[in-house]
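I've put the structures underneath this note.
What follows is chain A paired twice: with chain B in the first complex and chain C in the second.
Here is the complex of A and B:
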């Protein structure tokens, strides 16, 4: 324990004087400001639809006016001429629909995605059916599969999970690599190798100090943005396991290299892998089963559940998955460190 | 105490031997000088003896037990001073020693005492990144003493130090020897070796050329040497010749017979001159 305590003191002092702790605090403040004051709670996704009714008795405009658009995402605005419609489209976000007796012309901005255009087409079809009396539902009811897990997060809060996932990566992976390279470049590893240090202590100290930075940042960010309206025990478990796992991965890979410039390729590749699940987070349809094994995936989705106070059934299974991955990586780190960092070398 | 038999090492298959089948013994409490120019293999031998490098062949025994079998406790008993200082630059001199002391399971020495011993008393609280190379070297030397080592490995401990500081360091080494510490001293400085070592080994291109006490080496090579200054083709030349060597003897006769002698006197050769004579090369 005395040796481990000594190593922890060394690594803490190095993190402090290497400005790692200052960097963590600055990052926490910056992200808090961005989430609380820069990002809006709600993104304005309202889309205006400008219609021009050229049908013989303007029955479309009459029908739509009678329906109203209260609560609809698509706001319908009638125009009197094609010039007015074009002018409105140039001033604001939206699409134009020109109804004629035998055809419908959709005037788009050019950047609408396929889903939006399909939605407009479906709406027009429904409108036609309603007008002709083929289909006339009295009301619409929305049901969801798991009511507890889909409590909607404000837009700014929904950014917390990916930000935490990426920061845990940055602080854990990048900074532990920086520490290892410092030990190598200053020759400290050789000084340790001729001392009765134990490898386990060396690994534990580095992983614990770097993970602490990521945990501290996550806790500061949690309190400053969400407040105390979430289960901090669950939050702490997920963040801690994730931070330990990412730091251990950083240590595992960095020991094979001698400098940050040599390590850059690994860093870029690893960043890309870690970032892939962020796409799934924002676009849930883009999800491949193996994503679940990329650490950033469970971190993001579990933190999202925790922040939205949803009763996640997966918290413990995700924790177990992270713990198993952590145990595997730490075992690898132990044997590789023993051989690469602390073993008798075959050359200097 | 330490016995090295037929040790060899090469950095890659294509290279020549960096250490070429060397053998020597170091008795308890003696200072064993390992002398040779840069690149002769001194640091490589020290790295193998301390377990930093894996030995490829031969044996290294500590009181009969192989280096390969040594456990954690072995490192409680040794102290190593590296040629190139390796300290945490962001820690002070005091912190570097204090934290290093925390890694040992044996009683350690007060860091301030050691830093005072090597003349760093006034800058113990300064970060070592602000130290000069000589200061760093002294801090590393002090760190090597932190655990009261039974065996001390010193790689060029006074290289680059000013004469006063070098003298202080030599005194510390002498005191360690008086305490019974066994010392392996790798250096290319023959004056240091001559002053401190009980026994010296000349190493050149990975091979040990000769091993003996400095006194015996001088008796063997230096007692019948002549330094002669003579004029040849209008220029003054100076040579140290060993009369026991046939070539040198005939060379002296040739100089006397064919050139104008300016000065000639017998002298005791220094270890450096003996090294040059034995290996045919200088120490730098």
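Here is the complex of A and C:
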């Protein structure tokens, strides 16, 4: 225990001298300013459908205006000419629909799949049926399992989970790698080999110090942006497990490289993999099964649940999943460190 | 000129020795291939539906036209699926009636979608003929943004690697031995900058070719590469001049990357009347060029392009002057 305490003190001094703590504070201020003052509270991210009504008496436009956007599967925006419709389509991800008296033209971008086109066709079918009075609604009912979860997070607050998962936790990932390279290049690991310090103590000290910076940053960010209106106990459990996991992954990967230049691309590739589930976070209907195995996926959704004060049923299952992943990664770190860093072969 | 070539030779030899060259050449290609494999799925995100076995097969077949079906043989399992983090509505058939199961926090369009499909399935014959025209756009804006972001990362990486090489020279004391050679600080930094610019140009064209084959506009790509190359050089100089070891260089990289992300977010969301607050950041102008050319697809980029070149060049120049005082080579 005494040896571990000494190692923690050494690594803390290294973090302090390396301006890691200053960096943490700079990031806390930067992210707080972005969330509180730069990002808007409301943002329309839905796909638009642009309509051009060429029917006699513009009956489609009149009907759509009377109906409004409420309850439509597709958000509809009216245009006045084909040029305007094409111009809007060029600038956005939407599709266009031109209504004429005897036909309907769908103007697609070109990359849409069959399912999207089927959805647009179904919308047009129902719309024309409603207009001609031949529509007979099918009987079905809705059941909402969590009516209390219908309240939406403001857009700026909804950016907190991806920023924490992609920027804050990576603090530990970056910094632990820097410490490992420093230890390798300055021969510190060679000195540890002939000292009473064991592999377990070395790993624990590095992971704890670097994760604690990410945890501190997450807590500062939580207080500065959300205030005290969330369950900080749940928040602390998730950010601690996540920060430990990402820092351990940083240690696992950085051992195989000798310098930051070599490691840069691994770092970027790893960041990209971790960033992929952000697409699902902002478009939850875009669900790819393998996303669930990328740590950032459950982390982002769980932090979102916590900051929106939703009654999350997954907090403990997500915590368990992160704890199991952490145990697995730490085991790998232990054996690889023993072989690569503390083994007979020289590390650098 | 001879000194210059010998310096480039030294850097290439070092890069070969450290296997760094292999990473630098191979890594962007691997990243491009990964994007090539993954990006098409962003064009048309596939919807998913959780369907109970009680639902008639004819309706399940109809539903498959709109997305992927996940089948469940019990209501409790279907309920668990609906309650998961992603937005997957459930559909069951009870007492001769369809029931749509939602969690409650789904996007508005997804709440009304299952009902619309149920409605349409029972009366799918079209009243009016439907024709389809295509604008022949082959990628969505989100895919475009992702691919261009990868290019920007690769362009700036050239500068960052150069910065780390300068830090390496400082750590190995190679820079002290250069101080007794006829080399000036300006020449030393110029050699590093040229190597980084050549790398950024070559790697970004290779990556663009892998991602887009011949379907890209070389002029547009150059308009993107030039300001970001200059910004990459400035970022590399910042790292190389101010960082003294691996630890401090990673602090610089993390701070710089966070500032770059913050400026790019701000350039999208800051209201037009407050945009002047960002004018001082050279990377804001580079992002403005990116937005005009690749997102708005406009040709009106000249002014922003020019300001991006001027501001980034001034930053490179200021850092070079500062480095001359700090490195004191000659």
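In this text, the second predicted complex is superposed on the first by the 239 of 348 C-alpha atoms of A that agree within 3 Å, B and C clash if a C-alpha of one lies under 4 Å from a C-alpha of the other, contacts with A are read in each partner's own complex, and residues count from 1 in each chain.
Convention: a residue touches a chain if its C-beta (ideal position, glycine included) is under 8 Å from a C-beta of that chain, and two chains touch if they have at least 3 such contacts.
All of these numbers come straight from a predicted model, not from anything done at the bench.
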{"item": "Contacts of A:14 with chain B and chain C, given as first, second, both or neither", "value": "both"}
{"item": "Touching partner for A:80 - first (chain B), second (chain C), both, neither", "value": "neither"}
{"item": "Partner chain(s) touched by A:194 [first = chain B, second = chain C, both, neither]", "value": "first"}
{"item": "Which superposed partner A:181 touches (first chain B, second chain C, both, neither)", "value": "second"}
{"item": "Chain B versus chain C as contact partner of A:59, first or second or both or neither", "value": "neither"}
{"item": "Which superposed partner A:339 touches (first chain B, second chain C, both, neither)", "value": "neither"}
{"item": "Chain A residues touched by each partner, larger count belonging to chain B or chain C", "value": "C"}
{"item": "Common ground on chain A, meaning residues reached by chain C in one complex and by chain B in the other", "value": "14, 17-18"}
{"item": "Contact footprint of chain C on chain A as seen in their complex", "value": "14, 17-20, 22-23, 26-27, 30-31, 33-34, 38-40, 46, 71-75, 86, 89-93, 102-119, 121-126, 128-129, 132, 134-150, 152, 167, 170-171, 174-175, 177-179, 181-182, 185, 258-262, 264-265, 268-269, 272, 276, 279-280, 283-288, 297-298, 301-302, 310, 313-314"}
{"item": "Parts of chain C lying in touch with chain A, wherever the complex brings them together", "value": "18-20, 23-24, 27-28, 30-31, 34, 38, 41-48, 65-67, 79, 82-88, 97-113, 115-143, 150, 153, 157, 160-161, 164-165, 168, 171, 245-251, 253-255, 258-259, 261-262, 265-266, 269-270, 296-297"}
{"item": "Chain A - residues contacting chain B, complex", "value": "2-3, 5-7, 9-10, 13-14, 17-18, 186-188, 190-198, 343-348"}
{"item": "Interface residues, chain B side, partner chain A - complex", "value": "11-12, 43-44, 47, 50-55, 72-73, 75-76, 78, 80, 82, 84-91, 95, 99-100, 102-105, 127, 143"}
